[in-house]
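For reference, chains read A, B, C and D in written order, and residue numbers begin at 1 within each chain.
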Amino acid sequence: MSAPTVLLTGFEPFDGEEVNPAQEVAHELGGERIAGHRVIPLVLPVTFEGISSRLSEAIAATHPTIAVGIGQAGSRARISIERVAINLVDARIADNAGAQPVDAPVIAGAPAAYFSTLPVKAMLAALEAAGVPAELSFSAGSFVCNAVFFATMHLLATRHPPVRGGFIHVPYLPRQAARHPGAPSLDIGTLSKGIGIAIEAALAHAQDLRVAAGTTD
Amino acid sequence: MSAPTVLLTGFEPFDGEEVNPAQEVAHELGGERIAGHRVIPLVLPVTFEGISSRLSEAIAATHPTIAVGIGQAGSRARISIERVAINLVDARIADNAGAQPVDAPVIAGAPAAYFSTLPVKAMLAALEAAGVPAELSFSAGSFVCNAVFFATMHLLATRHPPVRGGFIHVPYLPRQAARHPGAPSLDIGTLSKGIGIAIEAALAHAQDLRVAAGTTD
Amino acid sequence: MSAPTVLLTGFEPFDGEEVNPAQEVAHELGGERIAGHRVIPLVLPVTFEGISSRLSEAIAATHPTIAVGIGQAGSRARISIERVAINLVDARIADNAGAQPVDAPVIAGAPAAYFSTLPVKAMLAALEAAGVPAELSFSAGSFVCNAVFFATMHLLATRHPPVRGGFIHVPYLPRQAARHPGAPSLDIGTLSKGIGIAIEAALAHAQDLRVAAGTTD
Amino acid sequence: MSAPTVLLTGFEPFDGEEVNPAQEVAHELGGERIAGHRVIPLVLPVTFEGISSRLSEAIAATHPTIAVGIGQAGSRARISIERVAINLVDARIADNAGAQPVDAPVIAGAPAAYFSTLPVKAMLAALEAAGVPAELSFSAGSFVCNAVFFATMHLLATRHPPVRGGFIHVPYLPRQAARHPGAPSLDIGTLSKGIGIAIEAALAHAQDLRVAAGTTD
């Protein structure tokens, strides 16, 4: 019998960048074992079109214990654990397919928002204890990151209720920040360590919930 | 005959921190060779008292080609190359010996300011080319960092005119920033790489100057 | 027959302040006529307890065309038009009654979020055209401001569907900012002018909608 | 016998702006009496060429008790009392005559820097007491503002030693900030009140010095 899994989504580069720290983190942690779970990476295109079908296939294929999305937020200085996904697309730049929806829903007819079902404060505490700069955030924006976060939560809520999900924004890598005057950054070592710790904290919580519910395998 | 040297000063931890990135950088680069120069580290106490005598002894003992000071600036996100040192102490916190001078000169009777004599724009360009987040700064503050910068420049100007000097502020390390909500950081790998590149760019420039002046050994 | 109305809620001072710019704005605009509507001010206590009943009474008593909440956000530099209210209370400080709920819903059983039903982009455009510094915001936080915003939207959605509502955060007044190092501010003249313009833009839009729907009185 | 004077310099608009808050402040306070002194406004062009001769003529013509320069700093949120002027021009944009000097001295052969000779901390305390958002600053930049500050201090030091001088940066006006996303601002009322208070505090201090030296008229 195969190990339980974590689905870890990242993104291809966008907005003129040659690299995306979320992709790098997915590559670094892909295949790793965290608390007995195999990390399955999925690098998504930065496009609004096709988000739900890609996520739906990936979740169906991997049966993850938790689904964690990672995305680049160039103005942030710390690992930002998102608390809420909103059903709104309002793109300030075009996505990688040239689409730039304005004031459209991510999924028509879906609720206005979903909260992360990951234990965001336990994740923050674990990062702080490990010396990784982190913070909680109330907005994942209105671009593709938020859309993936929202679509993930909608899929989990409507089709895979036991699976918990969430999203984490990460700063530029130093080599990206070098080209953006004033921008902060975190190196790939700190990012990968931090996302690994966040996943571990999320799994510990998921495990607790299952034990509490008497559903441990 | 021994190799030419670079004097690289850092600082002990202060302001309640357990570590100082400037000390870490001095340790990392101490003993290294950069462009044929041996890096001689000097970790200074964070005290106003005794700055000039410590620097004076170190410069006399090491006969450096350039003297570069490194100091922690917790609110900054990038390697900050300082352009000017001012003859003012105005301490918002006490130094590690409990002294907190207000509106006092660093050195009574000395000029109001000294500009860095390092090639700050060439150093910035080298850092950008290497993908290290950097910036120029017009203020090293009015605490011990600025005082060491000023005292260094005054010593060089009055007693060692051929020796060039400057100062570079560095952000918190990630494990420090983890305890300061919102604070940016850079990891020791990026910092050491960056300071090494900055020194190399400064030495290349110093070399050019000597060639131009016909004073190459 | 009495004029149609705008319900404009503000707040009492909190967090150690002696004044609240939202209260000042409500006082300034209270009783004014904007586009044929009388502005009815309501200054709320900064407490989680009793929000819904106070709002419910006020809406029932005033039958407003639109309900606009104003609140202080000390770290902001501009008039911030909020786009979404979330069903979460996570108070970093105690409210004025000493309550400090953590990770609780604003209204148990209510949806995760409501979007503002005011024309936020038309309001932003009107403010820009009038030379008032403004911005859109994706987070009203998780304190009493967000709770009032959420409770307003829930009341309107469930009991007064034709009434549109929203929330606007405002910076400190200059005399408050004077005591908070580094804090930005806007003066009461700019704030009152700005909120008046935002209300006018919202009413113009509401009027358009009614005309489009053939429901003009 | 005519009243003693304060020379208050402002600037014409630059960098694409239609207004300059420093010019507005000079207009507002020009002709006013502050602590028995008549405020004489001088609006300078934003050009490096001709600074010293314009200032020299104005100082010779007005025999001021103090000379205070005001300039726009669009990224600042508060009235910023400058502490030091540096002998460096490094223009990131062209001045209003199209000149953009890089790494040039303001005045060749002059010292590296001058400290403000105004009582900056007394001025800050007076502004705080009056509820005006203010701060001290260690850098007036390297554009025309710093050049005027430096040239003023050099003129006073070399030709008018009893006259005290300094410089104050002010934020955008709200109508300017409206066009700069995210920018903070202060209204002309707060600015004029604040600069008036700062001048009054500076004059009280100058008066104290004269009394102490037995030179009161």
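The rule we apply is simple: a contact is a pair of C-beta atoms (placed from the backbone, for glycine too) under 8 Å apart; a residue touches a chain by one contact, two chains touch by 3 or more.
Just so we're clear, the structure is a prediction, and the values are computed from it rather than from any experiment.
When the partners of chain A are compared with those of chain D, the chains appearing in both lists are B, C. Of all the chains, the one whose CA centre sits at the greatest distance from that of chain D is A.
Between the CA-based centres of chain C and chain D the separation comes to 39 Å, rounded to the whole angstrom. The mean-CA centres of chain B and chain D are about 32 angstrom from one another, to the nearest whole unit.
All chain pairs that count as touching, in label order, are A-B, A-C, B-D, C-D.
Those residues of chain D whose C-beta lies close enough to touch chain B in the complex are 83-84, 86, 88, 103, 111-115, 121, 138-139, 141-142.
Taken in their complex, chain C has these residues touching chain D: 77-78, 127-128, 130-135, 174-175, 177-179, 181-187, 189-190.
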